[in-house]
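So that we are looking at the same thing, I have put the structure below in structure tokens.
As written, the chains take the letters A, B, C, D, E and F, and residue 1 is the first residue of each chain.
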Amino acid sequence: MPEVVVYLLEGRSLEQKRGLVKDITQAVVKNAGTNADQVTVSLVETPRTSKAKGGVLFSEMAPR
Amino acid sequence: MPEVVVYLLEGRSLEQKRGLVKDITQAVVKNAGTNADQVTVSLVETPRTSKAKGGVLFSEMAPR
Amino acid sequence: MPEVVVYLLEGRSLEQKRGLVKDITQAVVKNAGTNADQVTVSLVETPRTSKAKGGVLFSEMAPR
Amino acid sequence: MPEVVVYLLEGRSLEQKRGLVKDITQAVVKNAGTNADQVTVSLVETPRTSKAKGGVLFSEMAPR
Amino acid sequence: MPEVVVYLLEGRSLEQKRGLVKDITQAVVKNAGTNADQVTVSLVETPRTSKAKGGVLFSEMAPR
Amino acid sequence: MPEVVVYLLEGRSLEQKRGLVKDITQAVVKNAGTNADQVTVSLVETPRTSKAKGGVLFSEMAPR
């Protein structure tokens, strides 16, 4: 507690995920008056064919 | 903003997903006073072995 | 099934919410091969002090 | 209605999932004044490389 | 871990909520190979004006 | 994109929330290869009567 859910596209490396959960957890500990053991982070990864912005699937956007 | 999350079974075609995110985004733009670029839609797809209605997994229901 | 969750700021009128859930439901029915009775929509409304974009709470942005 | 979402690690057997959705649904029916047909349960399963506790990915913890 | 989120209408009594979180937690412990201390349950309650089934807000349905 | 949802108990101050969304956003920007404008954070706050750990509502635990 708290529980954090991050909705993001597939494709992050293990190193990126490692940093993401570590730094988000620190942000929660620093600001929400809890300790790290109480914090869970779930990365809900969706393929580019299952996520959209502006009504357009990421799989159908021009590459960034 | 707003962010839309749709929990659904796996198995929709790319064409269905394309229509789904487009039409949901239009529904949000029309009714929530925002523009399309602010709207994200994430499709969280679960296999039939991981979703239930009435306490029964979809994988164990008779086919519709 | 499917279940739709919309994360948005507080402050939409009843008429806006009525339109939002109706049109989102129609978007799902049209594109996901289900009927309306199977579709739920939950609006998870947060105050401007509990939602951020770009790392800044909506309550602390200049008014749009 | 209600809709239940369970965020858990991958790797549960079909038998475990079957029991999980059945028993959660019964818990909801018993306590929330609804009938089973109205209750959906979605299991959102994440690999051990995408979920963390205490800021550490489950894939990088010592085995339990 | 696991984390359970229940999307439901406002209006359950404290006794109902107490039973709901207790029984859902037991269902998870029994079926998911974890112990109770690892399980969180969040009840995300929405007013009848912010939840719909079949495209109609619960506030605008005939009383059950 | 990504969208972050944090499930936590009510009662954080405005200053805590300001820090929470700022630092979570920075954690995402640093590790997920995006820029801050693409990141939304929603704090889904539940009263102590609507959240449980170990099967017990926070409102019924001994004070920390």
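Criterion: a contact is a pair of C-beta atoms (placed from the backbone, for glycine too) under 8 Å apart; a residue touches a chain by one contact, two chains touch by 3 or more.
Just so it is clear, the model here is predicted, and its values are computed rather than measured.
Trainee: What is the minimum number of touch steps required to go from subunit E to subunit F?
Mentor: So the least number of steps between the two chains is 1.
Trainee: Can you grab the rotation angle between subunit A and subunit E? Superpose on CA, round to the nearest 5°.
Mentor: Fitting subunit A to subunit E on C-alpha atoms yields 180 degrees.
Trainee: What chain is the most remote from subunit D, judged by the mean position of CA atoms in each chain?
Mentor: Of all the other chains, the one whose centre lies farthest from subunit D is C.
Trainee: Applying the document's contact definition, name the chain pair with more C-beta pairs in contact, B-F or A-D.
Mentor: Per the contact counts, A-D leads.
Trainee: Counting shared numbers against all numbers at the contact of subunit B and subunit C, is it over half, same, or under half, different?
Mentor: Mostly same residues: over half of the interface numbers shared.
Trainee: How many angstrom between the C-alpha centroids of subunit E and subunit C?
Mentor: Averaging C-alpha atoms per chain gives centres 19 Å apart.
Trainee: Using the average of all C-alpha atoms in each chain as its centre, how far is it in Å between subunit C and subunit D?
Mentor: For subunit C versus subunit D, the centre distance works out to 24 Å.
Trainee: Show the residues in subunit E shared as contacts by 2 or more other chains, in ascending order.
Mentor: 1, 3, 5, 7, 17, 26, 40, 42, 44, 51, 53
Trainee: Is the chain-to-chain touch network here best called a line, a ring, a star, complete, or other?
Mentor: If you draw each chain as a dot and join those that touch, the picture is no line, ring, star or complete graph.
Trainee: Sort out which chains touch which and give me every pair.
Mentor: By the stated definition, chains touch in these pairs: A-B, A-D, A-E, A-F, B-C, B-D, B-F, C-D, C-E, C-F, D-E, E-F.
Trainee: With touch defined as at the start, can you tell me which subunit C residues reach subunit F in the complex?
Mentor: Counting only subunit C, the residues touching subunit F are 7, 44, 46, 49-57, 59-60.
Trainee: With touch defined as at the start, can you tell me which subunit B residues reach subunit A in the complex?
Mentor: 3, 5, 14, 17-18, 21-22, 25-26, 36-37, 39-45
Trainee: Which residues of subunit B touch subunit F in their complex?
Mentor: For this pair, the touching residues of subunit B are 1, 3, 40, 42.
Trainee: Residue numbers of subunit A touching subunit F in their complex, please.
Mentor: On the subunit A side, the touching residues are 1-9, 12, 16-17, 19-20, 23-24, 26-28, 30-33, 51, 53.
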